[in-house]
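Down below is the structure, laid out as structure tokens.
A, B and C label the chains in the order they appear, each numbered from 1.
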Amino acid sequence: MTHDRYALVSRAALIAALDLVLGLFLCLSAGSARADAGTLASSDHLWLVWIGIAGILVFFMQAGFALLESGLARAKNTVNVLMKNFCDTATSTLGFWLVGYGLMFGANPSGWLGTSNFAMQSQDGMQMMNLFYQVMFAATASTIMSGAVAERMRFAAYLIGATVTTLLIYPVYGSWVWNSQGWLAQLGFIDASGSAVVHCVGGWTALGAVLALGPRTGRFSRKGEVRDIPGHNLPMAALGAFVLWFGWMGFNGGSASRDFSDLAKILMNTNLGACAGIVGALGSMYLMRTPILMTRTLNGALGGLVAITAGCKTMDPWQAATAGAIGGLLVAWGEMMLERFRIDDAVGAIPVHGVCGFWGVIAAGLFYADGPFDAERVMVQLIGAFAALLWALPLSYLTFRVIRATVGLRVSTQDEQRGLDYAEHYEVGYAEFTSAQLNDGKQS
Amino acid sequence: MTHDRYALVSRAALIAALDLVLGLFLCLSAGSARADAGTLASSDHLWLVWIGIAGILVFFMQAGFALLESGLARAKNTVNVLMKNFCDTATSTLGFWLVGYGLMFGANPSGWLGTSNFAMQSQDGMQMMNLFYQVMFAATASTIMSGAVAERMRFAAYLIGATVTTLLIYPVYGSWVWNSQGWLAQLGFIDASGSAVVHCVGGWTALGAVLALGPRTGRFSRKGEVRDIPGHNLPMAALGAFVLWFGWMGFNGGSASRDFSDLAKILMNTNLGACAGIVGALGSMYLMRTPILMTRTLNGALGGLVAITAGCKTMDPWQAATAGAIGGLLVAWGEMMLERFRIDDAVGAIPVHGVCGFWGVIAAGLFYADGPFDAERVMVQLIGAFAALLWALPLSYLTFRVIRATVGLRVSTQDEQRGLDYAEHYEVGYAEFTSAQLNDGKQS
Amino acid sequence: MTHDRYALVSRAALIAALDLVLGLFLCLSAGSARADAGTLASSDHLWLVWIGIAGILVFFMQAGFALLESGLARAKNTVNVLMKNFCDTATSTLGFWLVGYGLMFGANPSGWLGTSNFAMQSQDGMQMMNLFYQVMFAATASTIMSGAVAERMRFAAYLIGATVTTLLIYPVYGSWVWNSQGWLAQLGFIDASGSAVVHCVGGWTALGAVLALGPRTGRFSRKGEVRDIPGHNLPMAALGAFVLWFGWMGFNGGSASRDFSDLAKILMNTNLGACAGIVGALGSMYLMRTPILMTRTLNGALGGLVAITAGCKTMDPWQAATAGAIGGLLVAWGEMMLERFRIDDAVGAIPVHGVCGFWGVIAAGLFYADGPFDAERVMVQLIGAFAALLWALPLSYLTFRVIRATVGLRVSTQDEQRGLDYAEHYEVGYAEFTSAQLNDGKQS
């Protein structure tokens, strides 16, 4: 047993180490990626500073995810959730720098895949800043899944899956939209800050992973009953939501135009999206006559944020408020749907990022400043939204089925009941606090 | 009983929903608020970026308040405290955007009230940025009360009170000071970042609410004994103080002049204010021969920050250090006074924001860079400080008396003893940790 | 006993109060430090904004240290750890403003010590911004020690030690490197953001303190066995590491050149350093066949950050990744060495800041953009690295020996077992949670 666990963690360490070795090799050999420094115009300086700050704010969202997800998990899995979030920052950064960025932003004559700028060593400050900023987006996209699969996936399996997201699923879809040569970009697809590129891809990857993985033991009984598994530290979850909201200002703010004339509108829309998402979630719980839960309210704010991310630059404030409120409603509806289909998403990542991301893409087409309704624009948005679903969901499902068939995807039921911290990490979150152990349905 | 609780939360949801509906209606009809885009000068770009960042930092203070207040409350009320802070961000943003901003910054010929710019949809980037920044200040002002009334006020009653603050109490006083046509502005009243506008108004609103609400059960015995009710998570409270300090850099920094020549002085003064507040609080505890408590030290830092907020732009560093140190002393004195008059402020918000805000306004008149003592300047400051007290305190008291007489202000004693999380939210902060239930004076 | 404790805290309060009084006196008398305002060029505005933001980010690292260190300590010492971090921000700010800044950046004809600009009241915005930024670095340097000495040092003794660091140990070494007239600066010593100035000085000061203080009771048995003492709140520790990483973007980013052409490279290098540090730590645990611990992974990221801090401006990305990975390895090696020599560092501050700082200084000489290996450059780096060790370690050891001989350095064994919160602060971190009291080796 012990040997088996060592084998597991060693695989994880190996993956990470390989990333690095590969990187050094590529860097030293890939002279082509070492561009000369461009000349900076005076107006570029402010741009560099702002995108740098926006990227720093997006980085901090990693902490927000770690807090939200570990707060909503049980105490016995705290270290596992944190370790996933902490280590996938490393694998995302290294993997996206080495491979993903080139696939996403490299020369893309086919419109389906970038082919240059791997392991970039550019001395061009502007290009380098884009790399820094985009690395943070890649880290966000790959970490979205971590909450959904919490409390039963092996640590090594997770790191492999997150790495596949960073190296393949995320950058390929991204090259269709954010690479100016991408086929969706050419169609005029609107996704300013990534409702589709980041959140749909993250959410549908999570759905694929959860389908391959199965629900937590005890979540759904054989008789069809649904059992809620409460989070162990709701203040931590609330702080996580606040941190995500805070970081989202940079996530959307980085899409401002070069003269910053729309920066205020973007920030205002972002804030209104979150606030209306809260109102939408409160309203949905009122209409569905369920208790007014804080956990759902937090997810409502996040759903509102996801819903205005695609159109943060083109919506008017009242449109952002409307889109956000509908996002908040959809979170509650999505959580209900998941339960009906007996799909277990431990933190609600699929409704927040997948469903609201889908809605956000449509909303960006429906709500386009003062413009009248434009059926063609909405059609393009629908194509892009379905493209994300049809690309990310099957590929993710396939990836995790392959992982299941090879290195193993899920911890044993015994380890799940003891908690992943004990089984996989040899450390516990709260060494001194006695815990009212929650039952996993079978035994304590 | 259950029915009654549903009625309560449904009222809360309704309020929030009404906010939104009202907003959409106003927006769609109020064509007048849809100004054309101004032309941005090159020097405006940096201004937009800085005010955007400052607003983002002020937003993060919402998380700081949530952490500080929930850490200082008991575990059984954690979710309630967090929900109040999370949801009042939504009501403040929506309410201030729709109504408050117009009252505060609209055309103000009388000097007593603004009358335009409701539900602003402006395409002018500079005006929009001011809206974004000011929304965050409104959120701060309305959330100050939440800590003082913690652990016994109904959730719906709180949201109504916070909404009244955002829609009426805060913006009307604000229009006197920060609207260039306001009567206090015309007198030359100094309040750079809001010792009066935000902190006095917030602190005296809290005092009015607490007077209408009464102390927590068991806080003061019939024999006149005072019982301390310790916070359940002091690390969370300490993090909250750090986050507030961090966000305050934007709170004060946004008052920098357009050439940023005084930005460094403002940031330095802000930091010195907090540090001297710590020293003042430590010193006061030494002089009063009480134990050196961390909770009071945290409040000392915040009191120091409040004390230099009005004069952050016009004080020299040694003056900021002096004002902050006195602020730290006043926190301890204020907490003593509250106990003497048997007023129960669960987190010390009234001394920190009300008392130190009052002092900060005076200090801005006394300490004016190199200038000599100017009796007239100090007199104007006194008028403004008393205006805040005489406006916010009675109006808040009245508001909460009306709430008490209609929807109900306070939870039942039984619900107070069980905790508001169980009684009002159906979720608990720490589902797995056994808690050494603290006695409420009567029974467990 | 009670009397004795009062004496202790009163000493602490006195020190802080003296700082302030001294400051006011110096300010009012030192007219020489009141420079006239310089004229700001248009390109200075952006610089002021960026350095202001960078300083705000560095300030937030204080919160990161507080979280990391208190999470890694036992619950019974939480308040003590937090109070140390909160109060040393005050003593550092006041002490460095009054004295340290002048020693470090004042006129320095000898190359060994600055002699002007004490208690600066300058109206020059650029100079003032440098003061604000440098104050935050001084606070970082002096707080590094606090984690290493946790759980057994008297609160007053700590504050005295931290003040000596701020007033003497840190600024004098700093004047050699960052004062353009300093002797190491004249040699061409490379330390862009302070692997030596901040981290080596902080780490070796911690080592001196720990040597004078001795290990925690029960950490090393008489038979030579080493007992791990697990932290009480690992989510808090993980959040602390994220916050430090976040703040480090400003810590290194403030070294960008005035046209910001290298800002992106610096941010990218910073992020790669942390990520590679994680990979290095994971790899080291794999190679040493120890469990994959989260606590060591967190320290690996921090070690990677320290390792690229000196060369963040001059390294290429692949060099930063290499330096960071080695930093992660060195953290694990350093922790092993400390255990071998029975030195008790409660949080691993000495390996992270001392050892990785040393390596970071060397790395900045080895990895210098495209430049070939330059033995002279590496020699200068070695001289600077040893200068930090030979200056900070003996001086710190001496300081704490003097404190031990006078006011007393260590709490009694009984107080250590009861916890410093109870013994020194009259407040506990978690008033309501029952704690599975960890044994101190002798008795509960």
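Here is the rule we use: contacts are C-beta pairs under 8 Å (C-beta built on N, C-alpha and C of every residue); 3 or more make two chains touch, one makes a residue touch a chain.
Only a predicted model underlies this, so the values are computations on that prediction, with no experimental measurement involved.
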Quick one: compare the interface residues of chain B with those of chain C and tell me same or different, with half as the dividing line. different
The C-alpha superposition of chain A onto chain C, two copies of one sequence, needs a rotation in degrees (nearest 5) of 120
Cα centre of chain B to Cα centre of chain C, whole Å, reads 33
Provide the list of chain B residues touching at least two other chains, using ranges where the numbers run on. 46, 49, 53, 233, 430, 433-434
Which residues of chain B touch chain C in the complex? 43, 46, 49-50, 53, 57, 74-75, 230-235, 238-239, 241-243, 245-246, 249-250, 253, 259-265, 267-268, 271-272, 274-276, 278-279, 282-283, 285-286, 289, 291-295, 297-298, 301, 316-318, 321-322, 325, 430, 433-438
Contacting residues of chain B [partner chain A, same complex]: 6, 9-10, 12-14, 16-17, 19-20, 23-24, 27-28, 37, 40, 42, 44-46, 48-49, 52-53, 55-56, 59-60, 62-63, 66-67, 70-71, 78-79, 82-83, 86-87, 89-90, 93-94, 97, 119-121, 123, 125-126, 128-129, 131-132, 135, 233, 236, 425-434
